[in-house]
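Chains: A, B, C and D, in written order; residue numbering restarts at 1 for each.
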Amino acid sequence: MVVTLLMHCRDQPGIISAVTGFIHGCKGNIIYLDQHVEPEIGIFFMWLEAQLSFESGREPFLSDFESEIGKRFSMSWDAFFEDSLPNMALFVSKYNHCLYDLLSRYEAGELKAHIPFILSNHPDCEPIARQFDIPYYHVPFSKEHRKTAEARQLEILRDHKVDCIVLARYMQIIGPDLIGAYPNRIINIHHSFLPAFAGAKPYHAAFERGVKIIGATSHYVTEELDAGPIIAQDVIPVSHSHRVADLVERGKDLEKIVLARAVQLHLKRKTRVYGNKTIIFN
Amino acid sequence: MVVTLLMHCRDQPGIISAVTGFIHGCKGNIIYLDQHVEPEIGIFFMWLEAQLSFESGREPFLSDFESEIGKRFSMSWDAFFEDSLPNMALFVSKYNHCLYDLLSRYEAGELKAHIPFILSNHPDCEPIARQFDIPYYHVPFSKEHRKTAEARQLEILRDHKVDCIVLARYMQIIGPDLIGAYPNRIINIHHSFLPAFAGAKPYHAAFERGVKIIGATSHYVTEELDAGPIIAQDVIPVSHSHRVADLVERGKDLEKIVLARAVQLHLKRKTRVYGNKTIIFN
Amino acid sequence: MVVTLLMHCRDQPGIISAVTGFIHGCKGNIIYLDQHVEPEIGIFFMWLEAQLSFESGREPFLSDFESEIGKRFSMSWDAFFEDSLPNMALFVSKYNHCLYDLLSRYEAGELKAHIPFILSNHPDCEPIARQFDIPYYHVPFSKEHRKTAEARQLEILRDHKVDCIVLARYMQIIGPDLIGAYPNRIINIHHSFLPAFAGAKPYHAAFERGVKIIGATSHYVTEELDAGPIIAQDVIPVSHSHRVADLVERGKDLEKIVLARAVQLHLKRKTRVYGNKTIIFN
Amino acid sequence: MVVTLLMHCRDQPGIISAVTGFIHGCKGNIIYLDQHVEPEIGIFFMWLEAQLSFESGREPFLSDFESEIGKRFSMSWDAFFEDSLPNMALFVSKYNHCLYDLLSRYEAGELKAHIPFILSNHPDCEPIARQFDIPYYHVPFSKEHRKTAEARQLEILRDHKVDCIVLARYMQIIGPDLIGAYPNRIINIHHSFLPAFAGAKPYHAAFERGVKIIGATSHYVTEELDAGPIIAQDVIPVSHSHRVADLVERGKDLEKIVLARAVQLHLKRKTRVYGNKTIIFN
């Protein structure tokens, strides 16, 4: 059984030695560890993957870790076992390139997750859901019925025991209730190189400014629009000869690659949020 | 004799045919042409390089071009002959990586320009100027003596018949008089991916925001800070493990490459400014 | 009606002037032109897109072009009208990432082509063909029945009046008959940065050599394996920590992006092959 | 005092725990550690940087590490203390862009090394050596006097107690005596994306093949030409419009960036060679 441990605590001597000693004492074998210290704030972060034999079961392992390591270093930590597959919901509007890209990866077995449903504020992508044999919820969204729509979304999420949400070009603001229910577990793709061109119509803004490179940014959703912790970014060159429609077309490839990279990092437990930043154990 | 012609006018039928016919009529041979239309505003741009035999001299060629082409299409145009070497001044503060990079390219004969002097608000780079045997003017800059310093700069620029100015990490605001005297002929390097992180301390701002990519932008200087027409941009990946000092160090390579690229485009007459954007004929 | 003209001939004075004059004389409006000279061999290439009004129809336009321009400059040329949609066949084996990517672009209307069928030497991708409602031909391939298989392929291609073929990770050698029937019209994706690691198992070879970057190359198929004219290439960084399986996974994104880019260039008539190289009018 | 430890040994349980426990026992504080296992061959690698207080001095630390850790795990290891500055010789021929780039970084204090001299088979770069006030040895190289030249090189290297050599576009084959004296300590820059275009005139070969991307590779020199362990690689896009001379010019920036990156990794002790590959602890 492979376990992934993510931890952070105040930086202090002996943490790595204690943690690796604990794993060694459990007859576990460390496959990989990565650590990081934020020197400005004195916080230590560690990511550790270990092969465990588990004579004594998972619960004793977890409670021993807490009593021997967690308490001693006042550590914040999480453990993920390889056989636990998170439920990942996909939210989408009308654009389908990110949806197709994620679904073809899912079909090819590349995503370590179960996709229980696709939810949209439009009916357009329903045929794609049918193509891939995944339930589709059409939850219309308008300013007047915002509360109703959000309540319906939360209900569906709860019914399917969803662990994380991917906004695969979902073009509606996510309300505070949903964000509160899924802290650092809603992944968005924004079609600009954030913090440049936050908000609506970033390709139009990039065209107006005459930039020579456009980008895409995947981030966790927080209450401030397009300002959450960044997980992944990438760019491609453009020129004066590209119109807004060309930027939109060229940007699609970027969006799907960057979103898929962020989703993979999240599913492989390689991300840890601290303040408004991510530590990426890669 | 090779001539480079840059032109723009209202888009209308027959421009390319007329211009290429004119060159052909002068027994000129077109080496390369590139054209571009901004459909939103209906403006036609063209860059043309031709080998001329010049039985009749340059002046008749230029006046014939104006009377046969320029007037007919109400065209804005410029001609550059290959034997005219522009005078390019370098402004620098304390950082020397861009200065060294430009000077080593100059020494290797890669820049089609003459560098008459280096000007700085600090004495630090004078030894480098001596190394490369180029005059160095130390013009201190302070808020109180701003007017005096700017007047001195303009005087030195005029004395040396300077055509264009490169701000090779010159850390002072350029005043409106200087900008007015060198419209679209002052090239700056800003150490961020504009429009993100305009203004002071962009590496600090990038660190605070937790971006996964940093950039550099070279642009023509206009009165609004860091908002002029962009000539060239490039980026490199960074991670949570890089501190501000690491961003500064990694950014240096980016700054020198991007600035050198913009300088080369300008010297090869490959840039045309329209509105607040550049057309790059490349 | 928009026409795209591709031409090449011996470099000589007056070609651009004559061609643009001809278009102007037909009351056509040039949307864009790009030209290129290979100075080592003295060949002139041009790509021209024009809006035609066509009072007189297509045939007179084409025959006038040949008599006034083609003959005069001993020119090799092709014309494509915007309303002619090429038939593009997809060949695939077991990997489906490139297939999914092309089909989702097709479904989104991004590819200016009609896909009449998918052909494979394996039955594995048939469900995907059904998902997208496209005919699927399973043509098994073995050394003993090579001739039969190739004859069957040619028959299917002719029945569907196929113009070009995309090998979307089709893992069989293409025989000389097929190559002869589709010169410079079979597009392959090879999973390495050619000419490095041509042939079988390029990711294994890249792993053995310890490279720090891997690539993908899309090229026209010629009789010599992986040696045809290159259309597009791209790369991504890798490290010592990636095993062969990681390279395979990371390479998939590269393969689909590079193949799609090459397919788009081909469909937009932006490629011209000369010798063993491509001119890309971009 | 900061110490950097590089180690490798057969993979076995408890190594990380033992090493970090040893450092903790010396009242050392681990700044960063990175480890890697080559699963195919079962070898464990580790890089560790620690702040030591050194009540007992360096020698006891080193001998204790050997007796408590090195022997126990049959480990191959090296320790570098931050106050030991390696002597790094620069070899150059006629091209000076890499030389200028390294010297300007040296002057700016970015390289943790001392440069005792520049050696060349040509007199051309001597003025640059004088500019930077560094001794210059002109050791002509011809087939007939190869042995004499190599003996002279070795003599100069020994006189200056040189630790590593950077071939900053040195265009002569390095003989086996020199390679034997500096195993994995001679860094070369080759102007292609290896293994493509090894040997002479790679830009010509890239032009002939019609590639759409060119590269540069920095590697340790071994007896087989251009086949040593790769330290760093990078690429830039090119097009059909670039002639060989354009590739040479564009490649220069790439060469200097990639060589500088490799030199920095070597000087920061981030490289470990195993077989014909490098582990880069980054």
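Just so it is clear, a contact is a pair of C-beta atoms (placed from the backbone, for glycine too) under 8 Å apart; a residue touches a chain by one contact, two chains touch by 3 or more.
Here the structure is a predicted model, which is why all the values come from computation and not from measurement.
Undergrad: Relative to chain D, which chain's C-alpha centre is the most remote?
TA: C
Undergrad: Write down the chain pair with more C-beta contact pairs when B-C is set against A-B.
TA: Per the contact counts, A-B leads.
Undergrad: What whole-Å value do you get for the distance between chain B and chain C if each is reduced to the mean of its CA atoms?
TA: 38
Undergrad: Taking the mean of the CA coordinates per chain, how far is chain A from chain B in Å?
TA: Measuring from centre to centre gives 42 Å for this pair.
Undergrad: For chain B, what residues touch not just one other chain but two or more?
TA: Chain B, residues with two or more chain partners: not present.
Undergrad: Which stretch or stretches of chain C touch chain B in the complex?
TA: Chain C residues touching chain B: 13-14, 16-17, 20-21, 23-24, 27, 29-35, 37.
Undergrad: Of all residues in chain A, which touch chain B in the complex?
TA: Touching chain B from chain A are residues 36, 39-40, 193-197, 209-213, 215, 229-235, 239-241, 243, 276-280, 282.
Undergrad: Quick one: which bits of chain D touch chain B in the complex? Just the residue numbers, please.
TA: For this pair, the touching residues of chain D are 96-97, 100-101, 104-105, 107-108, 110, 131-132, 249, 253, 257, 260.
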